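Next come two complexes built around chain A: one with chain B, the other with chain C.
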Partner chain A sequence: MNATAQTEVIKDSSMLLQKTMIAENYDALTSVQETGKKVSATFVPGNLNELVMCFDMLNNLPEINAINNGMRKKSGMMVMQAEKMGHSEDVCTYVKADIGSMSRGNLAPNGKPMPPPDLLLLSYTGCFTFMKWFELLRHEYGCETAMLHVPYEGDGVVTKNMRDYVVKQIKENLIPTLEKVSGVKFDIDRLRENLRNSARAEDDFVWVLESAKNKPSPIDAYFGGVYYIGPIFTAFRGTEKAVDYYKALRKEIEQRIAEGKGPITPEGDMQDERYRLVVEGPPNWTNFREFWKMFYEDGAVVVASTYTKVGGVYDLGFRHDPDNPIETLADYCLGCYTNRNLSQRVDMLEKYVNEYQADGLLINSIKSCNSFSAGQLLMMQEVEKRTGKPGAFIETDLVDPRYFSAANVKNRLESYFQMIEQKRHGARSAA
Partner chain B sequence: MKCFIGIDLGSTTTKAVMMDSNGGILGRGITNSRSNYDTASKVSKLEAVVSARLELCSRALNEVPEMKGKVDELLAALERNFRLELFLNQLDDLKQTCLHNAADLRHAEIGKELAAALDETFERMKNKLSGLFAPGVERKSDFFRDLAGSVYMNQAEEVAEEAGLPFDVLINIYDKSIIETENRPPAEDLIATFLRALERIMDDEGDDLPVDPQIIRDQVRNALEIELEETYVVGTGYGRVRLPFPKEHIRSEILCHGLGAHLMYPNTRTVLDIGGQDTKGIQVDEKGIVVNFQMNDRCAAGCGRYLGYIADEMNIGLHELGPIAMKATKTIRINSTCTVFAGAELRDRLAMGEKRSDILAGLHRAIVLRAISIISRSGGVTSEFTFTGGVAKNEAAVRELKILIKENYGDVTINIDPESIYTGALGAAEFARRAVEA
Partner chain C sequence: MSTAEIIARCQALYDDLDFTSAREWKDADPKRKVIGYMPVYVPREIIHAAGMLPLGILGGGDQMEVIHGDAYYQSYICRIPRSTIELGLTKKLDFVDGMLFPSICDVIRNLSGMWQLMFPDTYVRYFDVPQTYQDHIGGEYYIEELRELIAGLEKLGGVIITDEALRESTAIYNENRRLINEVYDFRAEQPSKAPSVEVYLLMRAGMVLPVEEHNQVLSDYLAAAVLEERPVRDNCKIVINGAFCEQPPLNLIRSIEMAGCYIVDDDYMLINRWLLDDVPLEGDPVANLSAAFLHASADSAAKYCDRAEDVGQYLLSTVKKTGAEGVIFTAPSFCDPALLERPMLADRMDEHDVPYISFKYAENSGQMQPIREQAGTFADSIKLWS
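Up next is the complex of A and B:
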């Protein structure tokens, strides 16, 4: 489309490391015929990677595949392919990109075909589309499906009953199914070891996220954040590799703080932090860099985002706990951002605006996301009321390029930035 | 004198406002955006300068005691004659461009006949169009393209038939030439044109003036000689990035509309702007600072262009829609939010025998309903409400808006300024003034 021709993209070493890790997982997935490994497909929120690894299985995340295809400008054709097959324009575009990709050979970024899953591990954490998505995949692959039903935090609390219910399902349904599919016996000590790694990585990850409280922020917690969440939200949580990655990332950010640097952008370090924003909603992937540029070229840094919590809300205190291995998995799923109700989300956003000293809240509402777009305007108005900081609302889509209207998004963002500026300086401002 | 200029480069029209150091409006200018913001910007600025000159002439003539009560009439005549001069020049430019393009095209075998036909067409056009600037004549549009276009089509068709020439060739020549012509802003000396216009008036009415014509000549000449210094320019609107000045001179149209509405009506707290492709609901504070806004996303159904499309579908002028809709005796319900589907609904209702006026009333209501939804998303209406943008000139849209605002928010003051199309440019001019004076 209208991608700007940029000769060289500047990346930090952590970003390159992250890229290598994700590529390694694709290589592992596309060579199961040689290695004989079994594949489990699952979603980012409610991802039970520590458990899956206990059975020597690989983790394939269809959302990540869709994002990859979106960023590589391949999702548009896939979405249209799915529509040709009869899926409506309003269906989640992650789903359509996945289905469209399957009918186009389902190639991984390394050009090799993705393996069919041996297990569809549906950890249901608030997004009802997940269920329908896997129903479609089950129809396609006819493989074993295990559903972990995680009760929604409708009242904003997790009761003992809810937790017991999830624990019971993991013990009585999930683990036996994983054993059956993989042929590997469950070893709880292996799980404990994985969880221990998770917790270590999570500590460093939270440190990195909270580094945005510095002024200037050394990170962009949304656009940069999607790189930082990569390993821990996907097939690496619970691995030594993830521990090492977050250690290295933390060092890198410590260095940035020491040097008084702002966040990395594709065009180098951001020089002048003018606006600090909290963002709700996923980024647009098809025009990711163009979207990012609209922020950094105006000096806007995202200091906190809810999207970087969809794979686990670690900054509010949760850590995977090796001493209570099954219970901790239940707590993890119950506490996912996607499983939280509107008032919990508002509380989080309010906390972020205050604690990260943000200038306001921006909502990027997703056109094809029926689960999470509902209620977002109310959330914005409530956060505005509580914090006294201005909010703004834009709409794009996940991986359907037809719903990214650059001129409109830019117009709204510029208006928002200028509005913040104007509010800062009062009526006599020329800004 | 110091002048501060705001330019609003909209998707349909480009507006300019010129302001003095005290925040007084000197002049306003508007032109069609013609997919060429550079020219649109130049032309709208030029129009604002013309309007500023007239304002300065007015101020100067009002200094002459004998002219009391006569100034407006004289100025109206001055402007008409000035516009006629400009128009005739532009018409001549169009003619020359057409002749050039006719020679350029692949019609060598009928080259001579074409040139003769064009000569004849333009001669007839000139006769038809000169009357346009006579006193009391209402023009359907102020844009050269609109005025010249329809008359050319009629005259060229007649001439082509008489001369046995293919009409479509004449259309092609025109289509190519009008773009070139309108992208060439009038380059001539404005002051000389004004003076020529003044002399025309003096020739016609000099004897009827209450003072020595020389006094008027001197006052007008003095006003024309005041140097208008372009102190600071601020741009806004979709074409803003095309403006040849740095980022600090560019403001979002949301801020400009908010401030512009505040300047016109200081008690305004909510602004609705319906432009060509945007509908904006803006909340401002007591200083005109924007506190919240919502706009249509991804889809421009319900914006000004919607009306343009409907007018095309019904083969009537955009300006005629409102008056026809005002004659409605009932409002036909139009469900579709999609502009194209609304066109289909329109044809369906027509086929079912519904009256044009009733259907149009429904279409206006559909637009306003979309706007009301955007207003409520931005925070609703709590106090004084100001309606701006091109659609605010449409009386049927205004009527529906008043009804719906009352239904939803009770009795609130609704402001609609006849010059509301300039709201964004006015805000931009004030930003320009504040950049220097504040």
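Up next is the complex of A and C:
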């Protein structure tokens, strides 16, 4: 069922629902003066939302704030403000958008000021910048900070040592700190219940992701995908609301498959699926719609993406396990996409290209994100070698609009689509 | 030997991108192995105890033209991984049996994965260090990581690394650190007698020479430098911060000193002075290395500072200890650790009225005039207004 918003952008009900959920979280965050709730800030990779909820704390994710500001075209000024304050033009623009936002009143999308965090839960998972980002925020806020060091899977495996280390930090550092800040005693049964909800939502979420194996794909697993990951990557994983959301989303997609529909786009259902792509790397947020249009107007649908795994990889079998509550939190963190080594990432991309019958791999390389970007050129070569499918490489940024060149991106995409056509034509002639 | 002769040898080692001295060391015995490591810190004691040569890989510098390496990286990533890949692809590291990539940033982290894919016959280890510093949490994790490194090197070399061997190696590296600190202290007290380019080349020599030889070179230099008569310049004393991974070209170091600054401390090769005290020689040598890392190691942007009040204190104490009059923040372009940390360090310097400037460089920066102008103006401002 489609709903036409006032701005003439077409969205599915699920997209509107997740927007409402995210807005509700912002309302809760900006009401803490009245409600007295405590606020924990953390990162999307390694987001221990189920645990935070055990302490009746609200979850604030600065990356999501930066994304919001990017999509609402406010982040450019924030980034420049941070640079004027002495932050380098070379560093992550999520950080600069966050710091710039703080200097401009730190307003949430509802126009009210965001609360200072009571706790910075520094889940050091898959990204070096996270460490210094929260040191910078600690420098500004002077609040309690808890480090959770999640070791990188350098050899592509999780060792007992790595897991034990994360578990010990959660048990002996994180939980006591959360208790101290919140004043709420830890109840492991609450955590188990939250984890049960997580696993249920994850089942439906993975079903939705894998629906893209259909032809035509009923979803766009990148541009549409960022709506679908909203609840599970943010303040809702572990809640009944997330369970209900993914149930509803699954029903919606089942209906699309039954009707033989392609994915929803801002201009309605995509009609003619011509190119199936796997995309590696975050999207650009400041020009999100414009970027998306470059795909769907040429019939290009993204059937799998790695950004939809940045907050947790669920389509390789992992589910949160309520029977091993602390260990499962460790496993979740260790398995987040950017905490996996390059070989694992290449293996995933190869699997996606093959299993989702993709025409090729597109890499959207982000100027200010070394965690994703360093090594992507080699990754592209490897995937091309292994799958025989062509790769393409474009460069944009997260939330700094100065680094989105629409003409360049469109030019490269069109060339890429032509290349795919030529390869198909060549293959048909050979046959 | 005179300082000139010592430094000439160090310069030759620095210029030699074929690592001839390390190759010759390896060729002298077919059982020998060489283990490369990148900045910032690996426990070289363990490599040494395995009978292997630790070889510091600091990129290709400004003498290396990067052709292949650039094909692997976008323009907005620093140069050290490109030139390191260039070293690999042009077979300058074909004698290196293993590579260690410490947890310094995402670029070096991902380079470890690239190396695994590109050089599958080389032993590669991403060397993760704890960011939680309690002995029973981070310490236990780190001890196990060290034991995994030991097991990996034992398998590679077909050797057993005994505790006794590890203690002996620890003693030699304690001596190495003591001598290096002596050089740094000497320079801080009498900077005219130990020009920073010379100190830098001495330290670079330690990246390629066996540690026993490096100890001798350091001793020889100290003995010679104290006797050498050199003109004293009216320079101000400064500390360099931020250059702990991708190295500046020698001309940059030279330019800063020519512009009126004595560099009395730096973080160029942090591995040399990473452990601040002697590592104890009694007891479990692996546990000792772990405790040394957790409780007595240098500060760096690659490390988590677990107390807000401690941010910048290491730099501040270095400024005070050396009598420095200012700080030059020099970071490579696109260096996440240095550039993210810099505003916090700058705030700490502001709190204590320590003047500073900052600029960026690349390992192959060629234009030194802007550096000289900036550093020169800085030196003048210190002399006039501090």
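Methods note: the second predicted complex is superposed on the first by the 419 of 431 C-alpha atoms of A that agree within 3 Å, B and C clash if a C-alpha of one lies under 4 Å from a C-alpha of the other, contacts with A are read in each partner's own complex, and residues count from 1 in each chain.
The working rule: contacts are C-beta pairs under 8 Å (C-beta built on N, C-alpha and C of every residue); 3 or more make two chains touch, one makes a residue touch a chain.
Just so you know, these numbers come straight off a predicted model, no measurement behind them.
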| item | value |
| --- | --- |
| Which of chain B and chain C A:418 touches, first, second, both or neither | first |
| Touching partner for A:367 - first (chain B), second (chain C), both, neither | both |
| First (chain B), second (chain C), both or neither touched by A:127 | second |
| Partner chain in contact with A:172 - chain B first, chain C second, else both or neither | second |
| Chain B versus chain C as contact partner of A:408, first or second or both or neither | first |
| Touching partner for A:92 - first (chain B), second (chain C), both, neither | second |
| Partner chain(s) touched by A:395 [first = chain B, second = chain C, both, neither] | both |
| Which superposed partner A:343 touches (first chain B, second chain C, both, neither) | second |
| Chain A residues touched - chain C or chain B, whichever exceeds | C |
| Touching partner for A:135 - first (chain B), second (chain C), both, neither | second |
| Set of chain A residues, in rising order, touched by both chain B and chain C | 367, 377, 395 |
| Chain A-facing residues of chain C, complex | 71-74, 76-77, 81, 101, 103-107, 109-114, 116-118, 125-126, 128, 130-132, 134, 136-138, 140-141, 144-145, 148, 301-302, 304-306, 308, 311, 331, 333-337, 339-344, 346-347, 360 |
| Residues of chain B defined as touching chain A within the complex | 238, 251-255, 287-295, 297-298, 377, 379, 431, 434-435, 438 |
| Contact footprint of chain B on chain A as seen in their complex | 367, 377, 381, 384, 390-395, 403, 405, 407-408, 411-412, 414-415, 418-419, 422-423, 426-430 |
| Residues of chain A touching chain C in the complex | 85-88, 90-92, 95, 122, 124, 127-129, 131-133, 135-136, 138-139, 142, 145, 147, 149, 151-152, 154-155, 159, 161-162, 164-165, 168-169, 172-173, 341-343, 345-346, 365, 367-368, 370-371, 373-378, 382, 395 |
